[in-house]
Amino acid sequence: MFHHSSKLQFEVKVDRPNPVFAKHLQQAIGGIEGEIRVAMQYFFQAMGARGDAKYRDMLMMTATEELSHIEFLGHAVALNLEGAPTSMQEQAAKDPVVNAILGGMNPRHILSSGLSAMPVNSNGVPFDMSHVYATGNLGADMLANATAEAGGRVLASRLYNMTDDQGMKDMLSFLIARDTMHQQQWLAVIEELGGMEGQLPIPNSTPQEHEATAHSYYFLNTSLDEATPEGRWTSGPSLDGRSEFSVVEKIEPLGQKPSLGKARPDSAAQNEQM
Amino acid sequence: MFHHSSKLQFEVKVDRPNPVFAKHLQQAIGGIEGEIRVAMQYFFQAMGARGDAKYRDMLMMTATEELSHIEFLGHAVALNLEGAPTSMQEQAAKDPVVNAILGGMNPRHILSSGLSAMPVNSNGVPFDMSHVYATGNLGADMLANATAEAGGRVLASRLYNMTDDQGMKDMLSFLIARDTMHQQQWLAVIEELGGMEGQLPIPNSTPQEHEATAHSYYFLNTSLDEATPEGRWTSGPSLDGRSEFSVVEKIEPLGQKPSLGKARPDSAAQNEQM
Amino acid sequence: MFHHSSKLQFEVKVDRPNPVFAKHLQQAIGGIEGEIRVAMQYFFQAMGARGDAKYRDMLMMTATEELSHIEFLGHAVALNLEGAPTSMQEQAAKDPVVNAILGGMNPRHILSSGLSAMPVNSNGVPFDMSHVYATGNLGADMLANATAEAGGRVLASRLYNMTDDQGMKDMLSFLIARDTMHQQQWLAVIEELGGMEGQLPIPNSTPQEHEATAHSYYFLNTSLDEATPEGRWTSGPSLDGRSEFSVVEKIEPLGQKPSLGKARPDSAAQNEQM
Amino acid sequence: MFHHSSKLQFEVKVDRPNPVFAKHLQQAIGGIEGEIRVAMQYFFQAMGARGDAKYRDMLMMTATEELSHIEFLGHAVALNLEGAPTSMQEQAAKDPVVNAILGGMNPRHILSSGLSAMPVNSNGVPFDMSHVYATGNLGADMLANATAEAGGRVLASRLYNMTDDQGMKDMLSFLIARDTMHQQQWLAVIEELGGMEGQLPIPNSTPQEHEATAHSYYFLNTSLDEATPEGRWTSGPSLDGRSEFSVVEKIEPLGQKPSLGKARPDSAAQNEQM
Amino acid sequence: MFHHSSKLQFEVKVDRPNPVFAKHLQQAIGGIEGEIRVAMQYFFQAMGARGDAKYRDMLMMTATEELSHIEFLGHAVALNLEGAPTSMQEQAAKDPVVNAILGGMNPRHILSSGLSAMPVNSNGVPFDMSHVYATGNLGADMLANATAEAGGRVLASRLYNMTDDQGMKDMLSFLIARDTMHQQQWLAVIEELGGMEGQLPIPNSTPQEHEATAHSYYFLNTSLDEATPEGRWTSGPSLDGRSEFSVVEKIEPLGQKPSLGKARPDSAAQNEQM
Amino acid sequence: MFHHSSKLQFEVKVDRPNPVFAKHLQQAIGGIEGEIRVAMQYFFQAMGARGDAKYRDMLMMTATEELSHIEFLGHAVALNLEGAPTSMQEQAAKDPVVNAILGGMNPRHILSSGLSAMPVNSNGVPFDMSHVYATGNLGADMLANATAEAGGRVLASRLYNMTDDQGMKDMLSFLIARDTMHQQQWLAVIEELGGMEGQLPIPNSTPQEHEATAHSYYFLNTSLDEATPEGRWTSGPSLDGRSEFSVVEKIEPLGQKPSLGKARPDSAAQNEQM
């Protein structure tokens, strides 16, 4: 069960409200790199967690923290929208800076939300829940979470570069820090479970005989004119410790030329296809 | 530039067509764990790759392979739809197995595609390109790719369990094998670049002073009644080698109680809010 | 800031797991009538609330409760999926009940989530955040909330009718009860603010001179062959107490026939349009 | 059956075309607060109306009117796009006002529609029909409609504030007026059916014994540090006349700590979960 | 301006209600081949029509007809849902036909719409307006319309094959007939404007010097192992009468190997990319 | 099976990078008129092609070419983003041109992709695969393809007008040329199969007795005040050679007034509806 206390997890100050930056900040709320995504992803993973209960607890705790991140970012968006121009009066129309702000901000911050945050990204596209990755497989989920946090930290770093408002920089510093911990956290689970070698390939519970292992460890060069890009993936032991990497160049197809034959009489195709 | 040869990468045989399994297979084409996603993800990452050109090449080569996976899976769907019932004639309506097939298959396999594959998942929801994760950051992209392959291999393993058609099992074995290699491959890039320690936290190019490092390495227990779930993430050196893990329980909020004050007169709020 | 405690808000028991009912229950999680929607709607309304702070507090408290509803519904879905068939082995394929279950359940409950809840509706369509209605206008928001709860209670009543599992009926009874309170609650705000008469029309802050009041209180009969359907909306005082209802039949258009003239030479239209 | 006459319902004049305002106006066509939504919502509610036929007639008549609103708004968008810049010639590139217009308008108004209206909102996001709320329950539908009109009137009021073009202000005045009537109209149905007291809770046809009425009339304070926000919803008779409001603070969870146990061997989870 | 009369354009009778067929019929309402799409497509094309006004009139008239098609199809869906099972009572659960219906119908026809039509396709995916193709170019629009009608007639023919209910067959016969006329109608515009030769290539207003005509009339064989598929497109005069068809086999790329160089220091890429 | 070679199909040069034009170019990648759409549409049509194998081959060859178009357009977007402003430093904030660029470019080109192409349109809306039209009917598919190419060539022509960068104009000229060929190509298939007369109505395999031919060749005037717009579609032989065109004005409805009667007791409607 969830509870709430009235203060924000982190202090939000905006020295100079900037409605265009408010639009950018939305990416951290409703973007695929944003906080709604991680809050819901960890929440649904927790609800589907089977096995040792401590992973469920850990996921739920961090889901709860991410809800608090949505909350302070939402406040930051609203504070950046204070004082935004809400009309195209003739005078304003002559000022190129006002024009650029009116054209550059999200119009729905005026028209739809009345100067507050929305669950959309920086293009105004609403977040959709297909981005909540929760497979019921702990290894896959931990990688998905590390990925989400990496994306989030990349975003927060870019937002930090965009603004020179000290309050915003402080808030983003905090976010960068927490994203660091969360990246660590999910990969630490993998380490605890035996590291990449123990967890790979995901799922590690697929019986070996379900896998055509002859095809499991070669890098396939599909280029007609490039040499194979040599690297850790072309030779040496595989990362799951089960085999050696090799390379296949210009593979011959292993399959047939596909043909579906004639169309069925009742399939509403053209006569010529029957 | 892309080229094509007429044979499939892997031989597709279907011993007993099954239109309900055709619906399930769609998840491997147009699901978030599917082949359109990885083909397009690696393609767009390649197009945005900056730095050592070999990573671009590698991404493009595997993107090309994934296109070939879409191709043989698409053929598998069509072959599973051969002989599907396309009418509710009275006689058929009395046979519960035919009824179950008619109700359980994707109706658009009859109505929209005329018994062939579609770029949708097993619920008939079209794939959308918001799932193409390509950040311009090689570390984040490699994690995203390992995640995508983990999801794909989990899916292929589940599909393997669902069918007892030998041709389908063979095809899925091949897919499981290639997903193994691709998981390896993306993590091998990370290893080549210094391993997790060298690559974490992602992005590793964010200046340390942008980060409120006091908040970077503690696990936050947000529960009111659960002890902290102990694990690799609560003590010991952090995975980036920069600090030590610790725990904060029942954190006091660091921020203010948010308040936006009164609404602007021109914001179309209720009078009571102004 | 949010917090969590480990027990569910309401006890969830499933006497006879039913994977098809699990699919139906998803509507209460990820449908437009579901709990993700109201949790996020009240949360974003709270973040955008201007004026008397008690409305913000009230919204946040109920948003927090709705998160707890997602949690116990998610558990109910997982418990209904225990024991679901995960293969089409030949033997199973001959049993029409197993066939109907395999065809009637959400395949992604097997393939994607591994037998647990997802943030999707009963068709498997992911929830998208465009359904979070938060206008910054308290009157509009309260109506939107009463609407959401009405939809939710209609849904819960229909789900109650669908199942004969006592544990599920108990859980749905609780949900019906809380939806009752929440409907009441949002309309109570309107009553407190002066009732419909005081709050209508929404927004009540639009200056009267912005409105072409000659068109504000007549019902327009646009039918060519039906008499005006008489009712409370065709005569008597308007509900905002500002005027009297009347009727206009077969209105003559007040506007011009639209014409855009010729296409611009540089607009890539056909020559014939220029 | 539908019919059409060639004139617009209301005269559309644009004194000074403004392509950025054209983008804003799109919210009134293809936004969730827009006219496509209400036209389709009333249309589908009419098609599903059971009970007294006059409500069906009324819904269809107003659906028809809303189609006419789409029509004149579409014309207004086209007229605002007349004369829009369609190139980035070097000279233009130096004029910051032209630059701001080119950056601030919807590029698809040039690229995709050739200077005319589209069924998208002010962010260019296409309208999707999930926003057509039609439950088959007259009370729920009427609240949904009043909500839609409240949102629409808020939007029209904000658009009125944004423009100083007299033709646009006149058109928006008309729209504000009709939205007033439509808000009234849907709430008048509720009044006619016995008012909120008679209609609440929605659905009013759910048998009382399906509801855990012990939980139906208390406000739940989920905050750890805020006093209950007192109001009409915390004491006095409930709005459906069936009970009295009360308050529960810091509720103890009524449910168990959820646990799903171990993962099934065939569910493609990690070995550690089994 | 739109008007309505109370009777349906075509008589709808359902002899034996079938809730699974109701789900299928939804494709004709809310599918990409359905009536909402064409109604809105012709409506938006009409609103953007420049040039000879008769095309605008024609488009608006047929848009109006398509609205009437939605109306009778919506009624057909509701009639097919009469008598649908709305519960999983124990007894029902043992009857495989009832099970197949419960699993095979759209659950939202019970849960969300209360046994009436919805603006969704046969997978329950809501229609979205991105499918409204309206370019402002009459030639492109007419082709898009002929395409839409071809898709619609294919769908109606497949639905006709699926049902053996005489009332439904009659309604679909009418729909097939009107789709025939509409296909004809849009292509007749092209014929009137000079036929394909006059209208091609679309847009025919692009100045010839904007086009690299050396690349305009060869078929490109991108296969490594297939001979060029000979046909009308490989030799003879082009269909726009401007040139002759030819073939290019195994084209050499005309471009460079792409390279983006190093990442910018402020772009949050990995250190290794800079 | 697919293969790749390292050079681009066409040389991409950008003389003066322009981040706002980069946003516009995205329409040609991820818009409904763009290259992802046609690549995937031809690919899925090829996979579902039944009948003469040469059409399958032709579709696959051109699908492969379209993949190469995505590739060079993606490079063009990245080159246009070189040097884009990535911060709002105070100094920059005073320059209206920089402001207009920052407001006018796609913020996700900075925040999400790190200055490279994304699979989105010029509004930042991701491409979704519902736009892949593949019906299994060759005639319908060829019309859909000609439509897609017409849309694409209209778009390329408009983009050509927008830019004065010579490198971009050259690339767009090439694209215009290839779109010309592709338009030709799909219509050439129709000509080869007997021309419009032979292929219409689509599907031409629907038995004539399934069609209510009395309704197949009249234009329906649904206007109350406009004369029928005379044209090729109102008289003369129909384009399929099967009949003569005629006109019906002000058709009387052929159907009943729809009525659904009372709501079922278990359908959660209001009491008044039962």
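Letters are used for the chains, namely A, B, C, D, E and F, taken in the order the chains are written, and counting of residues starts over at 1 for each.
Everything that follows uses one rule, which is that a contact is a pair of C-beta atoms (placed from the backbone, for glycine too) under 8 Å apart; a residue touches a chain by one contact, two chains touch by 3 or more.
On a predicted model such as this, the values are computed, not experimentally measured, just so you know.
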- [ ] Supply the minimal count of touching-chain steps required to go from subunit C to subunit F.
- [x] 1
Task: Contact-richer chain pair [C-E vs E-F] - done: E-F
Task: Centre-to-centre distance between subunit E and subunit B (centres being mean Cα positions), rounded to whole Å - done: 28
- [ ] Return the distance between the CA-based centres of subunit B and subunit D, expressed in whole Å.
- [x] 32
Task: Junction residues of subunit C, two or more chains touched - done: 1-9, 32, 47-48, 50, 57, 60-61, 64-65, 68, 71, 75, 78, 86-87, 96, 99-100, 103-104, 112, 114-116, 120, 123-126, 128, 130, 135-137, 139, 154-155, 157-158, 161, 202-203, 205-206, 222-224, 226, 251, 253, 255, 258, 260, 263, 266-269
- [ ] Could you please specify the touching residues of subunit E with respect to subunit F in the complex?
- [x] 3, 5-12, 32, 54-55, 57-58, 60-62, 64-65, 68, 71-72, 75, 78, 86-87, 114-116, 125, 128, 130-131, 133, 135, 137, 139-140, 143-144, 146-147, 149-151, 153-154, 157, 160, 169-170, 172-174, 176-181, 183-185, 187-189, 191-192, 196, 200-203, 205-206, 210-224, 226, 229-233, 238-240, 245, 251, 253-258, 260, 263-264, 266-269
Task: Residue ranges of subunit C touching subunit A (in the complex, touch as defined) - done: 1-9, 30, 36, 40, 43-44, 47-48, 50, 57, 60-61, 63-65, 67-68, 70-71, 74-75, 78, 112-120, 126-130, 132, 134-137
Open item on the list: Residue numbers of subunit F touching subunit C in their complex, please.
Closed with: 154-155, 157-158, 161, 224, 266-268
- [ ] Spell out the residues on subunit C that touch subunit B in their complex, using ranges where they run on.
- [x] 1-7, 47-53, 56, 86-90, 94, 96, 99-100, 102-104, 106-108, 110-112, 114, 120, 123-126, 136-139, 193, 199, 202-206
Open item on the list: Considering only the defined contacts, which subunit E positions touch subunit B in the complex?
Closed with: 18, 20-21, 23-24, 27, 31-33, 96-97, 99-101, 103-105, 121-125, 154-155, 158-159, 161-164, 222-226, 251, 253, 255, 258-263, 265, 267-274
